[in-house]
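Quick one: this structure, given as structure tokens, is what I'll be asking you about.
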């Protein structure tokens, strides 16, 4: 018998636990290259209330087994998104998760209000890694209070499940996770990128026009796994794990650590066809290891 | 003319900016394999007041372009160190930097007192990444106040320069750096390892007996560079950069970001002969690029 | 459309001056591709380098089932690529991006390339010649060893003017009259530039003055190559003001008038 | 002493069951090395895998300038190693660690190996035979295909007893009388074990009861291999209590009585 790859998170039924991470996979767009209906869920690039042009190029720097990006949440704004992208994305069968970002609590709130009126959205992901311009530019996700404020503002305005996506650039990710859950976050996504930098020695300049960028890819997997495990020990809500995942065993590592589903980011950028491969490999692995369901792995890490 | 590789940090004259990082290079020990006098400085594995057995094995996990270690500061204690290791290490010409760790402020203080009586130590490095057992086990370096307390306690007991070695596992490394400098740290070393984890899917277990470990190696270089740059913008004291360095261009990247010298860690574990190679390559690079002195690179990053 | 292809390298030859010419079997790709489009190549099956590298088509030979690229060794990726032997399989995505909008009825076009930037213009010139369009070429380079495709163009009956830094002929003020003369040639319907912001600015001005549609192929650091990650931004002027477009998906070829050349 | 060597692989042969036999030219290393010591190999010139992999000497042939290892493909490093062709250069550190303290005057020794753990015992047996010492060997494995070195030993006149899981002969209670008998054989001066904690515990008990010095070669995940990073800890009993020693530098060979077998 084929193993069961299905998982359920906050009422979302996913036919497998693998979905793209926000910003790493063109949605809409990639339906041109492949069948999107095989994915566990669809997650769009973070949307803000107002359109954002993003940062000047270069926006990407390759690092050893990783990359830095400084896209700056370029996006057409929530109204354009609803009118154009959402129409196109509704056609697909996997649950649609809309990532919301903002630079003030009010922006998050208004974006949520607009999205809430629309059909075809299964859940929100709250990207708190944006600079909080009302509090000196530090990301919301770097403060428990700011995270709580954003989550509460979104929660008030929606009946859909919300996943707060945490940044690892903090002293205590458990504290932030607990704050998000207290404020009503139904689930958590972790992790967003690590703050990093690359330098071109010949030019004596940062590679990125923005100087700093977010580190992602295989390099950060150990940090992501640690964050997922720490948070899973401390909260009861479902976790979507992300950070450096590029294979079926990577997926199982995150499930063992306590994630109920995973997102693939940088690996999509390297190979847009990696998710279908991972899903197929996952099925094969479970079959070979006589696991009836992928759910057997969730939180099943033995530490004694 | 040969380029000048010499740098001076807090009065320590280094004939080149390259030294091993604490714990990654056998001192004493490696004199059996090579000439240690070609290095910029010698840094010993962190020493604690009392001997420490360290963690049970496995203590190492390989990760993509990096490794996790959970040695647990195994060391013979400061008295044994003074009686045995220090005798052997004094014979070498590069300045000797003794790394001190502890789990209470008092332990740091007492270890310093004992070391202070001994000849042949050029400076101390204060490793604040150990769990602070008086404050719930969180590392000293994760709190500005705890860092300040440790630094002040050491500073009171020594006339030698001290370098506080910061952990990157914090929300704001600049805040911790400033606290250390205010408390009298003459210089800073950054970064120590990132907290991470690895999982063995077959065994459904963490690879490390300690579950968590410190991530090091090329994978973390972008984070290290970012930390060095951020801190260099904010403090005036010299910085020793470390994290993923394995080539001469890596060294120059850290100098451009604001470091005055660098430490090589994981790269020594991969190749014990890498530091002499890096030093030779550094000289060659400077020569080819018509730089009279390596000091031209320190803090010379152009960001406009 | 599945844009993932396995290329079988049939030739990967050192051309001197750090330039290489790679030919590969990839019948479907060769059929689907158009001049100005590119492939996104995984230079080694490894995490270091992690990302793919973009290369324009230098020649397309659907009848032979082959595609060709011409590349310069500049860093880790191209270094690894240069060491690949015949018979090796290469993982590439393609054809990607928008190619050159060659006018079927153009009597003549002008191509203006510098250094390695000439590579995609060769594929364009070949397509133009095949449809009977005349081609004027002005090729610039540091020195004669780093000129790309000049002999190939000549063999197709293209009038090639070469200018080099070495010979002091490549300064903008010296190239300007050459470009102007080429544009002024009767029948010149389109102009294309690649490989130099300076030349692009020059062509933009001269072509605009004459009302000749002109296009540039841009380069920017890429991630996905498919329009999904938004890292390959280039600044463009739209009716609503300046914004960013994606070099990989909206380009790499853009109307020159649209592009903000920094 | 410079412990960095460039090995030139002269043979790297699949032995079935995922086992490989690698022979390499490395004259200095072959001269300096002793049975029980190991080399620390960079399986690929890359950051993935980043770390070296330790392998015991399987045979040392200083006269031929060659060293040999026998290894099993278990993960990324050994997989890459298995794909290396003759003529390839390998970067290795060695000889590292403390070898087997073979008594020059021993009349007979016992070697007790399981699976791949037999590899270093082969080098030991060869040295023993060369100095005229008799060798009794008890080799254990999952099945006969995964026995290591049994024929080689036999060719040196070693009495080899093989036990396998497959044939139901390898259970501790079945092996115990064999080990006891071998130890009781007149002249048996030392015993050595590798490849199984269970067998090590068994030998520890039986050898201690007879006052025969016994040694084990341990395995632990390694970093530097030179004693510098302290990651390869193994638990030992010292006069001052239990503590950790370094498998790479203080071992891999330890007196059995000293080791805490978990």
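Should a chain be cited, it is by its letter among A, B, C and D, assigned in written order, with residues numbered from 1 in that chain.
Note that in this section contacts are C-beta pairs under 8 Å (C-beta built on N, C-alpha and C of every residue); 3 or more make two chains touch, one makes a residue touch a chain.
Keep in mind that this is a model prediction, so the values were computed, not measured.
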item	value
Maximum centroid distance from subunit B, chain identifier (CA atoms)	C
Mean-CA-position distance for subunit D and subunit C (Å)	58
Separation of subunit A from subunit D, taking each centre as the mean of its C-alpha atoms, in whole Å	47
Geometric centre distance via CA averages, subunit D-subunit B, whole Å	36
Numbers and ranges of subunit D residues touching at least 2 other chains	47-48
Multi-partner residues of subunit A (at least 2 other chains)	61, 63-66, 218
Chain contact graph, described as a line, ring, star, complete graph or other shape	complete
Contact set on subunit B toward subunit D in their complex	23-27, 29-30, 32-34, 45, 53-67, 69, 71, 74, 217-218, 266, 268-273
Subunit B residues touching subunit A - in the complex, by the definition given at the top	61, 63-66, 68, 138, 142-143, 169-172, 194-199, 201, 203-206, 211-213, 215, 218-223, 225-226, 229, 244, 249, 252-253, 256-257, 297, 300-303
Contact footprint of subunit C on subunit D as seen in their complex	46-48
Subunit C residues within the subunit A interface of the complex	1-4, 42, 47-52, 91, 93, 220-224, 226-235, 242-244, 249
Of all residues in subunit A, those that touch subunit D in their complex	64-65
